[in-house]
Structures are given as C-alpha cells and as structure tokens.
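In the two complexes that follow, chain A is the common piece, with chain B as its partner first and chain C second.
Right, the complex of A and B next:
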C-alpha cells in the first residue's frame, strides 16, 4: 500500500465524499418522514457493530459469538442510569459509561476465556456469556425489572436527526480508530496472532494482552451502540437488548463484505441491508426463508466476501477461523 | 558465567519432560557459549524438538532448569524469553502467511527486540539481506517457496537480536542447492552477529561441517557430546543411528 500514495489519496477522497453525503442527506430531505434516513441510521449502527466484531475476529482471529452481550450491557447501563436520574437524554457520559461497562465485562470475561480457550471453545464461551446475562437480566428484580423491562418516558423524542448524527459519528470514529490500529504495530501483532499464535508469542508478542485489547475495543463500541439503541427504543427488555440479531447480523455483514478487511464490512452492511429490503419489498411472506438461504449461500460460496472482487485477494481467511473451519469441507 | 574464558549463553540443567508414560527428555544437560554453533542430532523422536519447546516455554519441564546468561528463566512466558534473548525457528515452518516477508521480519524487530519506527524497519531489512531475501521483501509469505520461508524464519529470529537462536531442521525439505545456501546463511549469521546457535538437524554431514560442538540425543537422553570429529567416531552414536551390530 505504501508505494501507492495516489491510490490512497483516491480512497481518502471517496471516504470524505461519502461522509459528506451522509452529513448533508438528512438536511436535504424531510428526515422524519424519510425511510432512507432511518435505513442509514441502522446502517451506521451496523458498521460499528460489524467492525467491533471484525477487530477481534477478522484481525486477531478471536471469533466472539457474544457481541449481543455487550450490546445488551450498553442498553441496560443507559436505561438504568437514566431511570436513576444520573444520566440525561442522549447523554454522552451515559453513552461512554455504557461502552465502558461492556469493556469491563469483556476484560473480566476475556481474561479467563482467552487465556484458557482456543478457537471453537472461545466462541462457545462468549455465546454463553450472552445467554447468562440475558437470564441474569430476566431475574434482576427491580434493578432490571425482569421480563417487563425498563421503560423510559418517550416524550423527550423530537427528531431522528440526533440519532442519525450520533450513529454516524460513532461509526466514523470506529472506522478511524480501526484504520490507525490496523496500520500500526498493534495491527501487526493482531494479524500475527491470527496467523500463528505459537510463532507470535515466540517472536515476542504478548498474545493474551493483544487478544484482550481487540476483544475489549470491540465490546466498547458495541456497548456504545447499545446505549444509543436504548435511547431510540425507549423500552429495554431482555429479548430486545440481548437479541441474537445483534451478533448474527454483524457477523453476516462482515463475512459478506470480507472478514479481516477494513472496507469490506462497510460494503457488507450496505449490501445486506439493501438485499433484505429488496427481498422484503418483493415477497414479504418469504422473507425469512430467502434471507436464510442468502446467508448460507454467501458463507459457503463467497468466503472472501465482496472485497475480494475489488482487490483480487482471496486468502480464504473465513475458512481458517475457528468456528467457520467446517465450511472449508464444502470446497 | 565463564567456561573456557567464553560466556555461557544458554545452560540446561537436568531437563526432564514426559508425555504420559513417555519420557521425551531424561535429565538432559547442555550448554552453549556465545558465538558458538552447537549441533543437536539424534534419531526421529529422540526429543530434540521437545527440548526446544521446553527452552522456549511451550512446555514446562517436569524437572530441571534453563539458564540464560546465568539467570534462571525456567517457565517464563515465551514472549518474555524472546525479549530476554532467545529466538527460534520451527520444524514445521511457522510464518505469518498473509503478511509480506518484510512485515514478518519487522515483527521480530518490533516485538522480539523492542525496536521502533525507522530503527525497526532498518533492522528488518538488514536481517532480510543477511538471509538473501532483500529483493523479495514485498512478497506475501503465502506465495513463497519452502526454502524462502525457512530463510525468512531465520531472518525473523535474527531481527529479534537474540543472544541465542534455536533452529529446528532448517534444511528439511530443501534441495541440495538450497541446503548449501542455508549452510552459508547459518555461517554468516554467526559471523556477522556473533549470535549463539543451537541447531537441530538430520543432515549430519552439514552439522559436522559447521558446528563447534555436537550433542546427541537418543530416547530423551544425551548419549554423547563433543567435537564433530569425536562424535563421528563415537560408538554409541553410530549404534543409535544404525542399530547395534550383530555380535
């Protein structure tokens, strides 16, 4: 890449133009009535969630199936601090606390899991984390208000615009952080760990520390999204907050776009949202079947994602990552 | 610690390691001095790789201790051992396949030794030059030949600026001209870096040509140690390799 400063300049211009477009778009249309503005808001959330998974799974090779746990923690931290009066509406401090809460859990849970469990077992352990937290929230008494969940008075809602811009800001900051990490010595360590843990540690990389770092950063941004979601839906319960969708969708989007790549997940987010919308428009009844089939086809036959068609790099990374290894049998 | 006036870099004391009922290493003593090339030979399954794995903390020894420059380092985590001055290569090559040759070696310089920025990049280039891969620095490792990957592992191990580097069968799977090249590289590494090398190899003639000393393992025990010409004559060694002659 370094010997292609021109290409890099083009990429930067495209990125800036896109961000510029997204910034002015809701100002040009009737944002409250625009379905596209809502879809873009959703897309920004998924960009962050996707990269939050991608940094640990795609870069460092540590596949988490527990992102919904961090999303849920973000939801609940925001709902609970708001109910307690500690935080206001769209309060940046509450959002940061939500991210931090998710990050702390990632460290506490990640230390034993990442130190002891490899591959499939780490994935299963994180999947368990989501379930444990869901059940805990269900039985949390007046603290989490059990199955009924926490309701927040929705009369503060005025416009979708603040949500849209906050989601955009979080996704841009996430992308920027990932870019700097991927191009720094940290990124080098993460990829080395993914490629060969034994060689990485024999060459001086403290592998546990870097795995935790990637996992925790991913949890932090996922928690931020959970927080914004709490402000958006005004009602937090266990099925919404710890919904498996929050982990399945980002994974699909990353795989579709290109796991372990920087731009791929963004392409994956927009393509998958577009595809699902199209399917929904054409055949509302068949939706779940179509999307299910779509997902299976993509993971089987497009393991390098859309990115591989743009860059020509086909490294079959997905089939080398632990819970996806079985997919290689189909080739 | 001195031994014949030279510093002892690595000293193993009665290393014992078993897997279930199998004694892979049985009270092995060994020491390597600064700038020395020590060969470690022995039949398949003798415990050579296991010894490397114990020294680099992939395995914890059941008994015995490892000393680096006089300090006990038994059981310290692998990455710390690399910082302290032990680097290695692997019998089954372990390069970072999706990264370029340059970045592989850069990892050695940055994480193995703790260099930063330009210094790290220069050291990486220097190590690539030493093994003769300077012009392939931008090649992604997945596209390299086995011989080049083995050279790359040596370069990565050297970029960590170790006191001692452990090389595990660097010639396995190479053709005759690649073997000659590897021989030159190992010699050059010792001469230019004054690094100690502990070298496991089945190509015994190469070991005898280059090593200052040779140790022989058989069924987890050290059965002989000495100058190459002594080892070549040693009856126990010949027996270990060829089996006992009929009485």
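Right, the complex of A and C next:
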C-alpha cells in the first residue's frame, strides 16, 4: 500500500495528463463525426461500472451478479421522472435521484442478503434481484409501460459532448472516491473482510456495515451510469435497461485488468474495448464469436489480470524491461 | 387473480407443473454436481442444452430416426464433450479460483450461442415427434404423452446418476470430493479425475435436458440462458451440492411456475419464481431439503 513519494508523484502526473488529454480531445476534433469520441464515452461509462463492481467484489470480496438491476433502476428513474415532467434534459438532480434510487434498493436488499449469504449464494441472490426487477418492469403496466418501454422525445439531442464530459466527470469522481476509500481505514477493513470475514469480525470490524457501504456505493455509481444511458438512448425498455451485459462486461473488464486493484479495471476497460473494436473491424460478421473466444482466452491465459503481470512477483514484466521500470505500479 | 374453479383444474395445473419441473430438475442435477465438486456456477448449462437440442433437430430433419432415440445418442456424445471441456478449459482455470471459472463459463456460453446462430441461424426451431399431438386422458385431466415420456426419461437419468453415486467406487469418490476436496485428495482421490468425471456427467445431463426441452418447446440459440437461470433456482430450492435435492427443487419450481401462471399471469410467473428463490436463499440457504451445516473456520 505504501508508495514512495516520488513514484506517487509520477503516477499522479500520469493520471492528470490522461484526464487533461481526455478533456481537450473532443475540443480538438469534430466530436460529432468522431467514432473515437463515442468509444471514449463508452469507456468512461464502463470505467465507472467496473469500479462500481470492483469496490464490493474486488476489495470487499462480495461478488455481485446484480449490477444490471442498479443500472436498470437508474434508467427507469430517469425515464419516469422525465415523463412526469419533474426532470429536464441531462438534469443533474434526476441523475442524482437515479443513483440514490439504486443505492436505496442496494441497502434494502443488501441488508438481508449481505447479512445472511456468503460467496456464491450472495452472487446467486443478486442475480435473482436483477431478474425480479426485469420481470417487474415488464409487468409494471402504465408505470413502466411494459415491454414497449418508455420513450423520451429525442429532439433535445444536440451534441455528444455533454454526454462525454458527464461520463468523464462521473468516472473521475468514482476513481477519486475509490482511491480515498482504498487508502483509508475503510479500505483496510474491506480487504480484511475479503481475506477472512471471521477474523475481521473478531478484530472488531463491523462487517455488515462495511459490506453495505461498498455494495451501496457501487450501486450508486451504477445508477448514475444508468441515468446517463437513459438520456443517451432515449428509449428505455426492459431488455435494454436490465441487460445482463451491464453486469457481465464490467466483470470481464475488471478480471482482465486485475480484481481488487485500483488501476487494473481501467486498463481492462480500454484493452477490452480496443480488442472488441479491432475484432469488429476485421470480421464484422463473426465478431460475437470472437468476443466469446476472447473471453475464454483471457481466462485461460490471464486469469489474474494484466495487473499481475505488471506488479506480480513472478512476472515483473515492467521490471524486466528496465526502460519502463519507473512505470511499474504498486498494488 | 384467478382461483381454481374445480379440483380437476387444480390437478391439471399441478401435473403440468410436475412434468415441466422434471426437465428443470435434470438440468439442475448437472449444475449441482458440477458445483458440488468444483464450486463453479456453470452458466453455460443452458447453452449446452440448446446445443443438444440442435443436434436432435438436425437428426430429426435429415434422417428418419425418431427424436426419442436422441436420448441414447446424446448421452455418450455429451459425456465425451464434457470430458474434453474439462480437460481443455476448466482444469487449468479452476485452480485460479471461482471468478475466472464463472467468466470462462460465460465466455463459453457466448461462444456456443453465436456459433449455433451461425450454423443454424437465429430463427426459432421446433422438433415434431410422433407423439407431439397425442395426450392421455385420466378422468378430466389431460396429460401430454411427450411430456410424460420426457418426465420418465428425466426420472431415469436421475436414478442412474443416483445409483452411480451410491453404488460405485468412483461415485463414492465424487461424493467424498464434493464433501471436502482436500480431505479426499489426502485419501488418494485424484481431484482432477473426479472433477473431469463429474463435469462429464453434468454436461451429459444438460444434453438429456436439452433433448427433453427440444421435443416440448420451440427454441432458438439464445433460449438457453433462461434454462441456466431456472436450473440455478431449482438447485437453490433443493440445496447446492446435493443430488436428489435439485430434482425435487426442479419439480417445486415447475409447480410454482404453473400455479402462479394460472392464478396471476404468465408474465408474473417468473417474478414469483425469482422472489421465492431470493426468500429461500435468505431463509434457508442450504435449500429446502439440505442439512444445516456449521461453517468451519
């Protein structure tokens, strides 16, 4: 955990340079025509979703398969408040309400699930939560408008830029809060719970409170993403909002990068999106097949993620290549 | 909400549920066996089922063989397929932990789904058998012959697995390994061999369930995930890792679904099943039939 001050400074300047690049990039190119701007927007969204899963699963060891439930709640809260006229276009209040809605559900459902269930049972329980909400939205009558879904008039759309910057802002804020949590007592408590729940509890850590905290924070940022997605697609239905992709893709990205690491998920997001886009360019027809094969190859050959290759004791790849030594990250 | 107008309607709905549940049960036993020894939630179970379904579809359209013989054909083929899948994919990844295994299963599911939609196109298919339209009549209750045969095959497959686990040395080793893998390894049971055998049986059972599904339902390449979920729920009802439990769990799920589809609506039946699933997970995580165990520290 402890880093040398010099290295920490280097990492901070790399991070600032990256954020600076992402801020000015859409201003330099024609943002509406640039596919890369859209890809970056998607990537920021997935950074947030990935870290939202990572904080509960990677740090605290509570593997949730129900993130699509929170994403869907975010979508529907935004769509319903807009239909009712209480929220405007890209309304920060509606977005916060969407996040809060997801957080409230996370607390209400998390209390019994996290208190009672461990490991795989918790994962199954959260998977059930996502499916219940999907079926409930499908049968919600005029409130959720069932299978047809809620349409938002799309004539308010002007530019991708606001989406881009909001997604960037959310992901930076998520990264910042994760950094502060990971480097505080809370982070230590979460890791202690992941490593040995019984020992953590014996050492006076209120395990349920910390698990709920991690789970709820993850749900909150996932809800924010859902809200932004609702504004972006203008049509919310159950298959889009409660799609399992919203839980599986972030998990894949985090595992590819490195579970329970700070930088790993970001690397995972960008390398996976790059790989999928490359496959899509080369073989537009076969791309879902290659995507499935890619997932299998990653788990076969990189089960501990990219980060383990950068920092692991066995394969200190960057340490072997001395010119890049200064880049090697501490976990 | 609709109430049952008479006892015979109630029994009709009940029997439909039991017959449906037998199919869930077979898939669930496979899932439960795999989970018991390897602690893998094998999400691709449903995709493997649909793969078997397409094999039967091909056999039935290209040759005059009766689809019911598919059970005999699928069983050995899928045993071998399961063995290859374990040796080629899961053996290495299982050591890395539960997360990569879950992901590998998901990747396999995506790959299978899209390969199937490439080979057989995404259109919905169905297999027509000689008994598709015939039904038995008991008093005022109608029982579909196809579903009855499917349920009988499901029960036979369960009985076979049960006998294997209880009466053979290898079966005993599988049971020992699912109770405590490290203790079993200390007694000379090879974890990889036992896992490979269990995995092969799990895949074969998915194959049997797939044959059962394709002669009762129309299907498409992406239909399997729903079955994976249903099988998971059935396993949770009966208790993770046990053998007879998942079949009973499957039947319970089938009855619950057909009862709630009748009293509420077909749309809400799934929600009722998931809600019952969550309740059981919270109140009795060891399943309705499982024994309570004290967690070892």
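Descriptive notes on the structure:
Heads up, the rule we're going with is that the second predicted complex is superposed on the first by the 309 of 331 C-alpha atoms of A that agree within 3 Å, B and C clash if a C-alpha of one lies under 4 Å from a C-alpha of the other, contacts with A are read in each partner's own complex, and residues count from 1 in each chain.
Rule of thumb we're sticking to: a residue touches a chain if its C-beta (ideal position, glycine included) is under 8 Å from a C-beta of that chain, and two chains touch if they have at least 3 such contacts.
All of these numbers come straight from a predicted model, not from anything done at the bench.
Superposition of the two structures on chain A leaves chain B and chain C fitting side by side, clash-free.
Once chain A of one complex is fitted onto chain A of the other, the partner contacts of A:63 are limited to chain C, with no touch recorded for chain B. Look at A:189: by the touch rule set out above, it reaches chain B but stays clear of chain C. In the superposed model, A:135 makes contact with chain C only, not with chain B.
In the superposed model, A:299 lies in contact with chain C only, and not with chain B. Touching more residues of chain A than its counterpart among chain B and chain C is C. In the superposed pair of complexes, A:237 makes contact with neither chain B nor chain C. Contact with neither chain B nor chain C is seen for A:145 once the two complexes are overlaid on the shared chain. In the superposition on chain A, A:198 makes contact with both chain B and chain C. Once chain A of one complex is fitted onto chain A of the other, the partner contacts of A:121 are limited to chain C, with no touch recorded for chain B.
Figure legend note: chain B and chain C, brought together by superposition on chain A, show a least Cα distance of 8 Å. Common to the chain B-facing and chain C-facing surfaces of chain A are residues 198.
Residues 185, 188-189, 191-192, 195-196, 198-207, 315, 317 of chain A touch chain B in their complex. Those residues of chain A that touch chain C in the shared complex are 57, 63, 112-113, 116-117, 119-121, 123-125, 127-129, 131-132, 135-136, 138-139, 198, 244, 248, 251-252, 255, 259, 286, 288-289, 291-296, 298-300, 303-304. Those residues of chain C lying in contact with chain A across their complex are 35, 39, 41, 89, 92-93, 96-104, 106-115, 118, 225, 229, 232-233, 236, 240, 265, 267-268, 270-271, 274-275, 277-278, 281-282, 285, 297.
Considering their complex, residues 56, 58, 77-79, 82-83, 87-88, 90, 94-99, 103, 106-108, 110-114, 116, 142, 156-157, 160 of chain B touch chain A.
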